[in-house]
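You will see subunit A twice below: alongside subunit B first, and alongside subunit C after that.
On to the complex of A and B.
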């Protein structure tokens, strides 16, 4: 329990530090967002705006009141972030950042969670079978395929899929999240359309990452298969199914659990290039748009969102690891960790 | 094999529970066939404690695995192993169907391995190990757990605490005792123990041996205790069997064998063991090394290290000579062994 409290405090501190960092970047960097916005405002207005009006604009966009003392600016900034107010976008006609990024989050979660799940299940299953047939043709072949697909970056696969399946064969749409003629909601056309649009991005992530999971699982399983407790389990007459799931599977997946949750955290970050390639308006897509348009408030919002996601992923991994591995219970407070 | 006939003559088979004949384990290797168990004959008697002693790599563990037909791939076990239940037909262990073998293991013949900690699934509680074993054998889980608790308290463990623990939460001695309880939960008649005390400190070794002796009496067990530590098992075992180079070289009643070992190797082994009663100057290591399992010599496999070895030893594999009514020994010159390898001081208890 004590451990969970400690770990929660750590996670909260990480998020806090990241937001502080984003404040520092916006406020203090020479030529940073605040200065950039100021220059833009002056240029655009052609000098018609007073200094005060400019400061006000900057304040509303970045949550930083430039003419206040530094500590007041900082407290105000933190307070508005905590309220979920990330400022207003420069590029998207002064909409609040949260209104730009908010609707994008579910789409990114959908893409990343689906592909992560498929890649993990596929990889773990394949890896387990490879381990059971270690040294066979199936094992050697699958190892080769896994290594090959794992070493090709997902954006290369994405481009290939887009070129061939998207443009040449026109089997899949080349952009967007769903067909415009469908109405978002729980109706079959919309769901099918969303799956159709998400298929290629998901496929490219799955293809690029299942091999890593498979090789990981294969190695872990082979290690577990050589353990004494497996031999004892067989002698005790346990059914092969139970041995495969409760003995080999459980003990082999265990070390991959942390990796899985960190991958969940990173899925926001990983979305940037993928969503750009498929013109898929998720968090990553808007982040790239914001970078190109020098839309600092949106950039910062996406930056904070991604960091928070990673922190939460790692936090869940840490706290739940004790449940799935009794040896780690209490996060090392016991002597035999 | 000539040895076999002579052996059956000297050893009575009336109350034999496990009969091993010509048990051979071979591994195919690039440089030839390795025989890591070479034509072993052995009778285990009902309700005895049989100590099997030998140095590392002498094939002790293979003999233990053979008794449950549990030699691991790619090892190949040949020969004949017959289990005689108290009632009913003898069981030919090596020709059982999968289901029959599953019933034999753990329900009739059970096994305890060295390194108890690695014998448990690290992500499952000790209780889980007991219940899954009972379920796998379609036993009454309720009654089985009752027996498990009794076994654990017989072994001086707090049953509830141990059952609720995960393997890593137990000390070495505790997990070894928990493993012994797990091996007895289905009430087997024979318990094969492969170096069950190897990883424990001396005190824990002694106390486990004492507990084992109590358990054996209480549950009418036949125990095959395999170890490299001759003095450890000498006080516990009714009979001893000594292995050298994948073969049994001598066996007999424990006291007789300790007092008057007939094989030069057994004598040398006794002399090589540190003993508080004997001065250090009487301790001798055995020169040379054991033969390669791929290239077992034609004659006596101990000949290259034996002070008594002559032409006959190099030519002829020594069969079982009778050094006593229940004391076969594989040495052509066993009569002269006590002169060649004398005990300067009395060894033993």
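On to the complex of A and C.
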């Protein structure tokens, strides 16, 4: 229980830290968004706007009332973000940021969760088989493939898939989330279309990351296979299936669970690049659009949303880890990586 | 035994004596030649060294041999491996892709160095201090580390690059630092947990009792034990900087003052639609191959370097020290390379 309280406090603190960081980036960075917006407003209006009007514009866009004392600006900003008010977009005709990004969130989470799950399951299964057939041709071959795919960045795989499967063979769509003739909702056509559009981004991440999981799992399993308790289990005549799943599998997967923490952050970072490559309107896609249009409110909103999503993911992984591995309740097991 | 029989172990004199030259040779053998021999004994390492030297040569000698890229070096969009003059083909505006590839290497190497050194120094410093000092210092530093560890690196870098659009220059060292802005956190955590166990080791305790200053204990007794983690993270961060910089240059949100593989990919896509048009595909493919090759070299190097820090493997490859026992089977202990992905 104490463990969960501690982790919750940590997650909440992280969210606060991120919002603070975003405040610092907008307000205090020399040449940063606040300075840029001000210069832009002065230039565009040709001096017709008063200082007060300019401050008001900046405040409505970024939620930061620049003429107040700094600590008031900070508290106001924090309060409005926590209320879900991320300011208004400059580029999308003054729509609230949340209206631009909100509909994009499920798509990004869909891509990331699916790829993470597939890559993990595929990698763990492959790694376990490699460990059981250690030294065989299968093992050597798979190790080589894993090492190689692990060295190829996901966006290189994405570009190759897009070129060959998307443009040359025209097997998969080259942009968008679903075909425009389907109606979003729980109908078969829409679901199939969404899967068809999501297949290439998901495949890129899976191909780029399953090798790492496989190599990790292989190493762990080989170590567990040499343990004494495994010999005892065999001597007790336990069925091989039970040994493989309960004794080897469980103990080999446990240390990798912490790797998931890092993978979640990595995946969400990767989603930005992938969504841009596949023109897939998720959070990352809007983030890049916003940067190119200097739409800072949307950019910061996307950053906060992505970071909160990662924090929640890490929190879930953290809390369930204590539940899977009772030893973690004592705390301090995070140091194992 | 010698005629003057030693009465206690403390009076025993070494039976062999080394001249100064022999001692130098022994140091050279232990410190320089043995690691090289270990590295060379592994096929992965040989490939890694080969690949890495190609890139180093490209970045140093190659820049002098290959002319700087300029427009109209050749006809537009010559395919790869068609002419001897432009082995990797040309771009839409007739730049030789080989020239671009070679001249993009030095900034890349600078970026890698800046990013990896920054990560390793900061991570080691924070991890060591936190683990050794404990208490409130540890609490504050680890809270910071946890936050830095949770914030996803790439979005943070993208936001910083976006917010600093006006003031950020294309200096490769600065870009390298930017790309490593929160990478130190993972290393700091790993180092801290190592230091926590080392702190109570007997020889460290002995130094403390002898009154050796804390700074010296940390630098002489503790940090040398952390080298495997440091090396692994150096290589990993090098890879991360390559992946990150090429990705962000490709997306087009980092400023640049010289050609870069990612910039090449960006222009291939934006000027000639390399993804959809086969005539321009080589323009996109060549820089991508460079990224993959360099990162493969680093991965293999990390795998092999792992063995460098294994004292048993090391002793086997030292020629001047007397053989103790030659264990032929590799000790299958968990090594950092296997633990850190």
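Quick notes on this structure:
Here is the rule we go by: the second predicted complex is superposed on the first by the 327 of 337 C-alpha atoms of A that agree within 3 Å, B and C clash if a C-alpha of one lies under 4 Å from a C-alpha of the other, contacts with A are read in each partner's own complex, and residues count from 1 in each chain.
Keep in mind that, in the parts below, contacts are C-beta pairs under 8 Å (C-beta built on N, C-alpha and C of every residue); 3 or more make two chains touch, one makes a residue touch a chain.
Since this is a predicted model, take the numbers as computed values, not measurements.
Once subunit A is used to superpose the two complexes, subunit B occupies space next to subunit C without a clash. In the overlay built on the shared chain, the residue A:288 is in contact with subunit C alone; subunit B does not reach it.
By the document's definition of touching, neither partner reaches A:171: not subunit B, not subunit C. If you count the residues of subunit A touched by subunit B and by subunit C, you find the higher number for C. In the superposed model, A:231 lies in contact with subunit B only, and not with subunit C. In the superposition on chain A, contact of A:325 is made with subunit B only, not with subunit C.
After the chain A superposition, the centres of subunit B and subunit C are separated by 70° when viewed from the C-alpha centre of subunit A, nearest 10. When both complexes are overlaid on chain A, the residue A:99 reaches neither subunit B nor subunit C.
Contact with subunit C, but none with subunit B, is seen for A:152 once the two complexes are overlaid on the shared chain.
Closest C-alpha contact of subunit B with subunit C, superposed model: 12 Å. Shared contact residues of subunit A, touching subunit B in one structure and subunit C in the other: 334, 336.
Subunit A contributes residues 10, 13-14, 17-18, 21-22, 25-26, 29-33, 36, 147-148, 150-153, 155-156, 159-160, 162-163, 166-168, 174, 212, 215-216, 219, 222-223, 226, 255, 259, 261-262, 265-266, 268-270, 272-273, 276, 284, 287-288, 290-292, 294, 296, 299-300, 302-303, 306-307, 310-311, 314, 334-337 to its touches with subunit C in the complex.
On subunit B, the positions that touch subunit A within their shared complex are 68, 70, 72, 102-103, 105-106, 111, 113, 115, 118-125, 132-133, 136-137, 166, 168-169.
Contacts from subunit A toward subunit B in the complex involve residues 227-229, 231-233, 235-239, 242, 246-247, 250-251, 254, 324-327, 334, 336. Listing the residues of subunit C that touch subunit A in their complex gives 143, 146-147, 149-156, 158-167, 186, 189-190, 192-193, 196, 243, 246-247, 250-253, 265, 274-276, 278, 281, 284, 288, 291-292, 295-296, 298-300, 303, 332, 334, 338-341.
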